[in-house]
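In what comes next, subunit A is part of two complexes: it sits with subunit B in the first one and with subunit C in the second one.
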Partner chain A sequence: MRLWTFILLIGCNRIHILDCYTDPLGWKHQLADSGILPSNSSAGACLFQDVKDINKLQSLILELGSGLVGQGKVRFSVAIDSVTEMLRHVPLSKVAALISDLRSHDQISSIFWLLHSDIHDVRVTTSLEYLSSMVASVESLNQSSDGLSGDLGNLSLLEQNFRRGKFHVRFKRRNGRVRVMNEQFHMEESGIKFTSVTVEDGLVSQGLVPKVLFNLELSEKEKLERARVVLPLEHQGNGKPIQIYDGRRSLAPESMGEVSADTSQSNTEECSNGGGEIIYFRDSDDDRPDSDEDPDDDLDI
Partner chain B sequence: MAATKTRTSSFSRNLPAASSAQSPEIKCGPNGTFLVSSGIPDLDKTLGGGIPLGSLVMVMEDSEAPHHMLLLRNFMSQGLVQKQPLLYASPSKDPRGFLGTLPSPSSPKDDKSRSHDAEQEKGLRIAWQYKKYFGENQSNLDGQRDNKQEFSNEFDLRRPLDRHFYTGQHVDCISTKDLPNIAALQERCTSFLSQFPRNDASIACTGRIAIQSLCAPQCESSNMEWEMLSFIRSLKSTVRSANAVAIITFPSSLVSPSFCKRWQHLADCLVSVKAIPDEDKELAKLLTGYQEIVGFLNIHRVPRINTQVPAVLEATTLSIKLQKRRYLVLECLNQAPVDGSSGSSYGTSGSCSGSSSKSGSLDF
Partner chain C sequence: MDSRARNLLDEALGLDQLTQSKSPLGGKAVLIEDCVETSGSFVLHQLIKRLLTATPNSSNVVLFLAFANPFSHYDRILRKLGCNLAAQRENGRFIFVDMLNVQCPEGKAGGGRSGLFALFANITKVLNSLPEGNRKCLTIVIDDVSLIEVAAHGSSDHVLDFLHYCHALTSNHGCSLVMLNHDDIYSSMDRPVFLKQMEYAADVLVKVKPLATGLAADVHGQMPVLNRDQCNRRGSLNNGMNNFQFRIKENSVEYFYPGART
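This part shows the complex of A and B:
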């Protein structure tokens, strides 16, 4: 399960809560008015009963916020617990409009919002990613293969998931570069501890390397074969007379290996006699490969 | 920069007589087109001199980086500096505010310092990536020009444009955010483009349209995909018959794939921008100048109007650099030399050392 999370807002000891959860559509209020339900006022929180009206929500947020900080230069932050809930009542374009308006407001310093990314369409998550300047995601350490929470036998795993997880962050810097961070976190009594984890990410560089004309890379098999090749002028060093291979006939069977530089058309490398072979693949099919003629003879000077 | 082609057929284009007395901001391009500058000299060079009048440029944004804004800013500034009317549409509530952040042309004395910093050693200078040095001679000459009108300017991103350039009747801004549908934008574009009809007389003035983030999620019309497609199509045909250039940026990841493909096909000139990861050691080893690069620009299609001959570019991926954080520079990707001695590119499986262990030292 992937959850979007926000970094905890510490240092602000004045928080106003705009409660859109208790009575989002105003039903309880209506029932209370008609005497069916007893009305109870929630203390310390402002109750919002008309979540479909996004303009009203926005103005209320701004009102509460400026009430919090006054008219001065101090700015306030907005935290939205679960845009997923908002999206139940309001279409995506309105939610996106709200967030972008809040973003561009002078008095708001930052906005944090939560989203359950696995519930929504890809379009919703990419739109919200587009609007954000930092995207953080929280994953469980052990991902179950089919996405379901698994059977009871995995209870210990579940318990582990409550306390630990993986934390990925993609931070869009102002100059256009993206900083990626991967960490693991543990929830402990004293707080949340983060430890960094290194992740290999060679994906970007592979896509960028321009396709050069020459294949400069070797596959694993090719590397092994190359390791086994005995170079012709090397000192074989085992007391026997040095045999220098001159390319015309194959070595005696008790030699270490074979080097053949023939003009075969195959690119495969075969293992023969426990040695290695390098087979050369021609770039172009000339009519007369490797003839002894000097090509400069054709010049007409 | 437009090379004069040798005549290969007996047909010759009947150019209007007055075309020779053109303003410097319009250049004659190949195949009877006229080119205007995109505001970025490097991009102009890659596109073959500039953007042809009547073409539609589409920029595919990367949701992780604001590089499309760099392209838009330079494009808009270039038009404003050359007093070309501009129509700007953006999803923000106050598009006019953006005009205050447009860059100003850099003064000539700054240009000289912008030359490539090659090693200034007195000894042997190895031109290992020699193509970088071709432009050096030209940039020194350009620095001596006065403030008169030029085809294209270098823009200093840190200096805002003077107010008098954009406070005027010729600059029009629309916010696409609260438009209930795309028809209002379409009407504005059509009426704007009617000021620049194309006829055989000389080109009186040219216009520019810049539409930012066409399918941004905060716009109500963002999920009317068929309407947006027909808008782009009508804009393309209207621009083609006018002396204007339109540039549209859109977040390609937010449009559904089939529509994204359709939009790409409609473009005369298609580029995309891409973000790069920060502090990536692999990339730093792979590319020279990684510290200065902020992103990549991919050119998918070069505008080819009035011809069927495709343009084959030397390099379709350019790196976006901000020199001194002021000047936007596009460069071909330069790969760092692969360090053969350490064998890093061949892996450390010891393939080279394997053979030497079997025999003694080489003795020549």
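This part shows the complex of A and C:
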């Protein structure tokens, strides 16, 4: 988007352009005075050549707007493209004062302006948002890549970002209530198409999972089976003493046989119910058996 | 290979539809961003050659603001590419403005601005010296923008004012603007405002970067190109986004899509 500064005054189905782009600092005017440039005015628009003089700008806006709609009850709107360029020449306090004065003028029905939020710090954007009753922001659909700084793999993302995006609007009502609206937009040949956000969750989760060659996600069936797995040290709360399986099926003593059988039986039952199972194999049967003492005995899990 | 190589960059910039009656770059502002690892100067050289040698009786004029190197440097390089800059300068088709040793007046308020205003006055004189029908055939080339900031004693506001006026020439007269800037100078800042202002103003953004995988003998870098004009144009077959790789040879530059190099 170009950094032009045009101020459009709209009223009675007519538009009047106040051109602050062609000669904002009066350089062309100086060259014309010295004979280097022929004096020329922007066709169909009023040329403004001193953007630093906010008072003069405000007076001209009101004068041109009144000329557009006359002295009756008809009001006009003001559009500023863009405030970012204005802020290069004029401090924030003066720009805020201009907007505030215009919005409270009897003959002005509405005022809207464009701001490039990535150029300004939070103080500037917040100050201007406080002045507005509606804030509409345009964001890219996929915010992973940093513009053209991403690598080759993000070309499709860049293409998508250029034609599509998110449109977020926040309305502030007089009674203090705030209404928020989210849509997606797509720039087509016929115009801009707005659609409601439907697959936002999918897009968010898609954005969080890194794009690699192996699968990092779980299917629904895998999630269910994971939920059914009984952890070995988890307190099962069924009144029975906690059984800790030490992985020595082959060396299971007779005293433990019943218990093991019970365990295996319960495992079988769980398996037959489709539950998960943790199978632990010791590295070697020659290893010294684990101590029967539970180091975590003092814990109440 | 050279004709095919020109086509990829030409297509990306919209130069493949060069005609006598049309402005070569269509009145666009082109911003080339490079870095220390991969210089983007070769894009400037290729563009100059393309503009001056495209057609024998072309009305194209290049106004070159040289802040980085003397005329002999560009003359030597363009000779290898098959373009005689000295002859073009004598014919009035290549206007070289040597800004190497120029410093804006120091010590007084707005000294940088007055120096840049004087430069803009020179550009305007050149533009007005051309017949009115040929003014859209003028291409202003700046090498490079970061050195304008140095000449203006670090005042990026004055530089942006100057660039704004150059940009206004493209809108009002149909001429074109090509600027080279160094991305990595501003990348360490939290908010590279100067760079973003320029990116917002550009119609075509060309990034010259090294490969993500590092140095390679056969591929010297990659070049994503965003052409907003093509993106916005109805019925355009090219969607305005391009990304190809390049290899700089002795007398030419080879462009190819990733994996397509033979």
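Keep this in mind: the second predicted complex is superposed on the first by the 173 of 301 C-alpha atoms of A that agree within 3 Å, B and C clash if a C-alpha of one lies under 4 Å from a C-alpha of the other, contacts with A are read in each partner's own complex, and residues count from 1 in each chain.
In the analysis below, a contact is a pair of C-beta atoms (placed from the backbone, for glycine too) under 8 Å apart; a residue touches a chain by one contact, two chains touch by 3 or more.
Since the model is a prediction, treat every value here as computed from it, not as a measurement.
Colleague: Report for A:R179: first if it touches subunit B alone, second if subunit C alone, otherwise both or neither.
Modeller: first
Colleague: Could you tell me if A:S100 is touching subunit B, subunit C, both of them or neither one (first, second, both, neither)?
Modeller: Touch partner of A:S100: subunit B, not subunit C.
Colleague: Once the structures are superposed on A, label A:D121 by its partner contacts, choosing first (subunit B), second (subunit C), both or neither.
Modeller: It touches subunit C, and subunit B stays clear.
Colleague: Check whether subunit B or subunit C contacts more residues of subunit A in the superposed model.
Modeller: Partner with more touched residues of subunit A: B.
Colleague: On the A-aligned overlay, A:C46 touches which partner chain: subunit B = first, subunit C = second, or both, or neither?
Modeller: Touch status of A:C46: no partner.
Colleague: After the superposition on A, what does A:L31 contact: first (subunit B), second (subunit C), both or neither?
Modeller: In the superposition, A:L31 touches subunit C alone.
Colleague: Once the shared chain is lined up, is A:F162 touching subunit B (first), subunit C (second), both, or neither of them?
Modeller: second
Colleague: If you stack the two complexes on chain A, which partner ends up touching A:E189: first (subunit B), second (subunit C), both, or neither?
Modeller: second
Colleague: From the superposed pair, tell me which subunit A residues show up as contacts to subunit B and also as contacts to subunit C.
Modeller: none
Colleague: Under the stated contact criterion, what part of subunit A meets subunit C in this complex?
Modeller: Interface residues on the subunit A side: 1-3, 21-25, 27-28, 30-31, 36-38, 42, 84, 88, 116, 118-119, 121, 147-149, 151-152, 155, 158-159, 162-163, 189.
Colleague: If we count contacts the way the header does, which residues on subunit C are in touch with subunit A in the complex?
Modeller: Going through subunit C, the ones touching subunit A are 117, 120-121, 124-125, 128, 157, 160-161, 164-165, 167-168, 171-172, 191, 193, 196-197, 199-201, 203, 205, 207, 209, 212, 222, 224, 226, 231, 234-235, 239-241, 243, 258.
Colleague: What does subunit A use to touch subunit B in their complex?
Modeller: These residues of subunit A touch subunit B: 92-93, 96-97, 99-101, 104, 123, 126-131, 170, 172-173, 175-180, 201-202, 204-205, 208-210, 216-218, 220, 223-224, 226-231, 233-237, 256.
Colleague: In the complex formed with subunit A, which residues of subunit B make contact?
Modeller: 63-67, 91-93, 177, 216-220, 222-223, 251, 253-254, 256, 275-280, 282-283, 286-287, 294-296, 315, 317, 320, 322, 333, 335, 338, 345-347, 349-351, 354-355, 358-363
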